[in-house]
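Just below is one structure, and these are the notes that go with it.
We just call them A, B and C in the order they show up, numbering each chain from 1.
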Amino acid sequence: MTKQSLSWLLALAIIICLPLSGCYDAKEIDEEVYALVIGVDEGVQNKIRLTFQYATYKEGGGKAQGGGGNGGDEESGEVDGTIVATIEASSLLEGINLINATVNRQISLMHAKMLVFSEEYAREGVAKYVEPLVRFREVREFMRIVVCKGKAEDFIKENRSFIGSNPAKNIELIFEQSKNTGYFPDVFFSDFYQDLLTPYGQPTAIYAGVNDLTQMASDVGTGEPPLRTEEDYEPGSIPRKGGTKKELSGTAVFDGDRMVGTLSQRETRFFLMGIGEFKRGFFTLEDPNIPGYIYVLEIRLAGEPKLKARFANAIPVIDLELSLDINIISIQSRKHYEKLANIPKLETEVKLHFEKGLRETIEKTQTEWNADIFHFGRKIAGNFGTIEELEAYNWNRHYQEAKVNVKVNTHLRRSGFLFEAAPVHSSTTEGEQKE
Amino acid sequence: MIREGHFGFYEAFSLMTIVLITKLFYTSPMVIIKSLGTAAWYGTLISCGITLVFFALLFSLMARFPQQDLYQIFEAVTGKIVGKILILIFAVYLLYKAGITLAEFIAVLNVYSMPYTPQSVLVFAFLLLVVAMAYVGLEGIARVAYVFFYPIIGSLFLLLLLAIPNYDYCYLTPLLGHGLLRTMETGVIRSAAYGEIVFLAVIINSIHGLKNFKKVGFITVISAGVIFSLCLSCILAAFQYTVGGEHLSGMYQLSRIIYFSRFLQRVESIFLFIWVITSLITVSFAFYLALSSYCRAFKIQNHRPLLLPFSTLVFVLALYPDNIAEIIEVHVKVLRAYSSLILMFIPIMVLIMALIRGKKGEKANDQAKP
Amino acid sequence: MSEQQGILSKLIALITYKKKNRPKTFTLAEMGEGQDAGNPNTNDQSNNRKKNSGDSRSNNTENIVQDSVKQQEKIVPGKPRRRALKKPFSPSELKSTRIEGDKVRSDIDSNIEVIKQVFGLPKNKDLIIREFQVGRKRRAFIAYLDGMADKNIINMYILSPLFKVQESDLPEGKGLNSSLESIIETNDTKNQDSIKKVATEILKGNTALYVHGLDYFLTCETIGFEKRGVEAPKTEGIVKGPQEAFGENLRTNVALLRRIIRNSNLITEFFEVGEKSSTTVAVLYLRDVVNPAIVKEVSRRLSNIAIDFLGNAGMLEELIEDNPYSIIPTILSTERPDRTASHIVEGRVAIVVDGAPFAMIVPVTMNALMHSPEDSSLKWQYTVGLRAIRFFAFFAASMLPGLYIAITTFHREMIPTDLLIAIAKAKENVPFPTIIEILLMEMGFELIREAGIRIPGIIGNTLGIIGALILGEAAVSANIVSPVLIIIVAVTGLSNFAIPNYSLAFGVRLARFYYILAGALLGFYGIVLALGGYVLMLVNLKSFGIPFLAVIAPKGRKSKDVILRWPLWMQEARPDYLNPLDRRRQPEIARRWAQEDPDKA
């Protein structure tokens, strides 16, 4: 055998061996199922009860029957093109292995989009169950953290979409609503984990619940319905009918890894303004001139809130200043608040309203939980020279002593399509004097 | 002697910058943030400054012996035998560096991207390329470095830019970190992280002499320092000193948290490109220089027959550490903290010796130009 | 033996130490080298190196040049920038080309000498000088360009009457002119007393006649290059631009080039290659632009080929290229005379083989292979867009399937969840792993392509399209491949056709399988390693001594026609890496009219 043919033979052998040596990490797409939601409950027979929701690969998505309602079958856990499976295990990742005995395919967490803790579980502390997720390479940093009222399992079972058959899109888009309403924060797993460790502040999570759609009172009301301009609904208690049963509203407040309380929808909006993540939202305010009438404003945050922190006589003083842009959406009374002469008055009213709301929200976090979810500690840290001093001071303990000055600047920008709306004329209209 | 080829300023600059910033992608940010806290970003600038001083000293040594590279100066100043021993020390160090850099890279890769592939397969595939690079020689490595320089720097900045929504520069406070003294101390010790610049003196004849040497050296150290500082401050701003100090690879983690929209997320695998290419160039450079130093010490004319034995050595070295803790706590510490004993101490000693003995190179006739 | 070394023996050679002399490889000598040698710094250095190195393979002239130029400029501030200088390669050679006075001499020998000098004889084989005697006594000669002039006219209407004329019919002195004009039977004759004008006329295809004793040339119109066989290009078709291609006839091909470059400095040299076939190979270049070292190297390679048969240009390409093992071509072959001409004017050398409708251009760089002949005829803004598409096509054609397999089997987290689930749904009934799917489809595509060439005429094209459609559709409905993959393979195939160079497209097709393998074995890690290897190969390629990636690596002077094409009037310098004799393409201001006041004119 000549040298050359021998060398070719050898090269061939190496090339044939190559596929044997590689491909260890290769896995076909359809060899795995992708858990979209992970739920963690307190277990009964074992430490934790895990719930996974993963998409199925059947054509045409889920079998959404009829006009919604029962799109699935209770036995197999099939929910709108996804399967919800629950298992009890000692640890999170081991739970995955356990459940694999039944799922036929490897469950992958690399596309998990939501991590749900039940409220009672979150109140006991979550750090020890979050840690494996940080270490594990498959878990995504932008998984959302949700704390749900009641059981996570029940919540995930209600995680369905009646609009489209795409479960992943459904989950991603629901969090986008945080930008449109400000009723709940959009909390990423990476931020949550960071806030667990940080000396600069405390973590938060999305607060959610299941609405059994029976909250709406029967149609027969008695007399004039009351005007409620401040939404303080707990998740699961919004009076509504139709649509999915899951509800995201409010903020779960943590002290360290323990959940200590919740902010309502209204407070969440102020909280989001305080940390500069409020994008836009409609606010209904009662017209101070004509009781029973309201005006509706769209509020946007104009720029990042300005935050300053200093120590005065060993008491931390924090100045929070934010400016809001106001767009008038509706003035029920059809008064000309958008006129230049009337603007300062309106702006002051709005300003006072928001300053009060912010102050109350901050005070609540100070007095009730002593949890700096606003992360004022970021600025406080600038007053310390070294990390040792900062950690020795322990801002998270001293948060309640802080004096927080809130200042809100408001600017009326637009008034919609109308300017100086004409009054409604009816047979009872009183002649209005020209000014 | 081995033909090393010649290359211009840009090639040399790209090569040295890539070699210097490679460690950024491994465990280096974690270690430095852990020890310096919020002061990490300027701690590395202190190291950079120390290195600049060192480089100025090195330059004065090189200027005493124009047209000679560092190894020739070793031999000229300390005599043949001691000089050869010094060259061999460099060769061994370079080999060690190549092996450990590879081990560190593979460890990080294994954790983040390829968890089930055996390390030996990863190392083997990598070494194939390294051997090919070393086969071609320094000029080829420099050109590859130059071709990839802009893509690497571009994607590095793209990474930093895409992660902007996660930054909060308040997390750089408290400004002093764990105290100024500790920062200074660590900064001085870790100046070894920039120590590779000394190899520029070894390849001085490939980069057209002293003038380019000075230019490349200073610009490289400064830009590497700026890149380091920038990346460290971005890691701090995104992760704070607490989390930043526990992520194995801060830069990789930074690429993992990029979330720009529903569509632009989970792009970290693209940045795998920077990781692999920079490591490839750095390991090839160290490997080739180890080979060529060895050849210089023993006057071997052709480095290519040595490729196989040396690559086997690197292979063994790369698989030698049992676990990642050993890499971080033993080897990388040696490489980044104590290697200044070799990289900086030896040239300075040689400079002092040259000064004491009054040795000088042939008369520099730079001025005698027509 | 050394040519046929197998991989094993190379491996063994890595272990065993064998001293062997590698043959020297050609590197382009730098024009300024001689001057650099005057620089003591570089001089000493190179001495130093010489001491160390036995042979100098990788000469780095490319970047020495700029650096040393920069150095020199700094050191000697008074020195003008070298680029602006038109440097003679060797002064003696340039002197020989200089014509002393433009006036036609009045004796035949010096006139022949002058014409020879102007056209670069004896190197240039295109100019025919035919000496004869008019009326058996008076010496005369005609000069014309082979291929450009119609030989029938010359034979029948110039030579034949001149041979028949009697001495007695030729009056002395001034009368000679009118009698010559009456003897010659062509439709137009002109008296030219300037050598320059004579040369211009010859270049047009006219014939110059000189009779001893006259102080002018008589030029007769004999224009008539062969138009037969000039067809539209087949593989390099463009929309805007000339629609002619080389044919099989060498003479015609050279004439096609001469018609575009009407310059007496355009030299055609002939070589014979092939012991049995004696194929004529023409080498064309512009004497006053091209770097003589390149011409020397080309003729060295051409005259040192020992082969029995040279059938076509591709064979010659294989015989003369620098790196026969590289999968990327380092010689540009084109079937377009206009493209060849533009490269010749840039300072490159064109090689035309008799019987092959292709011209080979050397040396070329990567970007020349990525340019299309249409680039220069479109507005530069459009060209920039087209180039961007082409570079994307290059990337997609080589890496897309590899990336697909890497992403779907190793980095599934990168795919948006919606898409991921869609792919998984589509793949649910497909039994094969992705790698098999990709290989199946690639194979099918290559098959259709290869068959399409063989199937005659119009059916071929139709079958290609229909075959691809039906095959893809059927494969999807039979659950053999997933639909997403069809898109990937189709985009890849399309991209491959968008690569302007036929050979490069082949190289890219091969590279695709290389990346597929790398991606299938090690995912992104494998692909990036493969990319590193690919770039390593590219930076080490040379085309006649010029680094294949010149301008990019080694970094050269900034060129205005690499990836972006700047407006034509901004492209003032010829490619720096070629080191042409004449670096300047045009003055700083090419659009002179724009500087003028239109009202004054």
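By definition in this document, contacts are C-beta pairs under 8 Å (C-beta built on N, C-alpha and C of every residue); 3 or more make two chains touch, one makes a residue touch a chain.
Computed from a prediction, not measured in an experiment: that's the story for all the values here.
Colleague: Which one chain sits nearest the middle, judging by mean Cα positions?
Modeller: B
Colleague: Looking at A-B and B-C, which one has the bigger number of contacting C-beta pairs?
Modeller: When the contacts at A-B and B-C are counted, B-C has more.
Colleague: How many Å are there between the centre of chain A and the centre of chain C, using C-alpha atoms for each centre?
Modeller: Result: the chain centres lie 63 Å from each other.
Colleague: In whole angstrom, how far does the Cα centroid of chain A sit from the Cα centroid of chain B?
Modeller: Inter-chain centre distance comes to 44 Å.
Colleague: With chain centres taken as the means of their Cα atoms, state the distance from chain B to chain C in Å.
Modeller: Computed value for the inter-centroid distance: 42 Å.
Colleague: Please set out, as single numbers or ranges, the residues of chain C touching at least two other chains.
Modeller: Where chain C meets two or more other chains at a single residue, that happens at 11, 410, 413, 416, 521-523, 526.
Colleague: I need the residues of chain A touching at least two other chains; which ones are they?
Modeller: In chain A, the residues touching two or more other chains are 21-22, 25, 140, 172.
Colleague: For chain B, jot down the residues that touch at least 2 other chains.
Modeller: Residue numbers touching two or more other chains: 113-114, 117, 121, 262, 266.
Colleague: Would you tell me which residues of chain A are touching chain B in their complex?
Modeller: On the chain A side, the touching residues are 21-22, 24-25, 137, 140-142, 172-173, 176, 188, 190, 193-194, 197-200, 378-379, 381-382, 384-390.
Colleague: Considering only the defined contacts, which chain B positions touch chain C in the complex?
Modeller: 1-3, 5-11, 67, 109, 113-114, 117, 121-122, 125-126, 128-129, 132-133, 136-137, 139-140, 143-144, 146-148, 205, 208-209, 211-212, 262-263, 266-267, 269-270, 272-273, 276-277, 280, 301-302, 304-305, 307-309, 365-366, 368-370
Colleague: Mind pulling up the chain C residues that touch chain A in the complex?
Modeller: Per the stated touch rule, the residues are 4-11, 408-410, 412-413, 415-418, 420-421, 423-425, 427-428, 430, 433-434, 517, 520-523, 526.
Colleague: List the residues on chain A that touch chain C in their complex, please.
Modeller: These residues of chain A touch chain C: 3-8, 10-11, 18-19, 21-23, 25-30, 32, 34, 36, 55, 57-59, 108, 110-111, 113, 138, 140, 166-169, 172.
Colleague: What residues on chain C touch chain B, complex-wise?
Modeller: Residues in contact with chain B: 11, 13-19, 38-42, 44-45, 48-49, 52-60, 63-64, 66-68, 71, 75-76, 407, 410-411, 413-414, 416, 521-526, 528-529, 531-533, 535-536, 538-540, 547, 549, 552-555.
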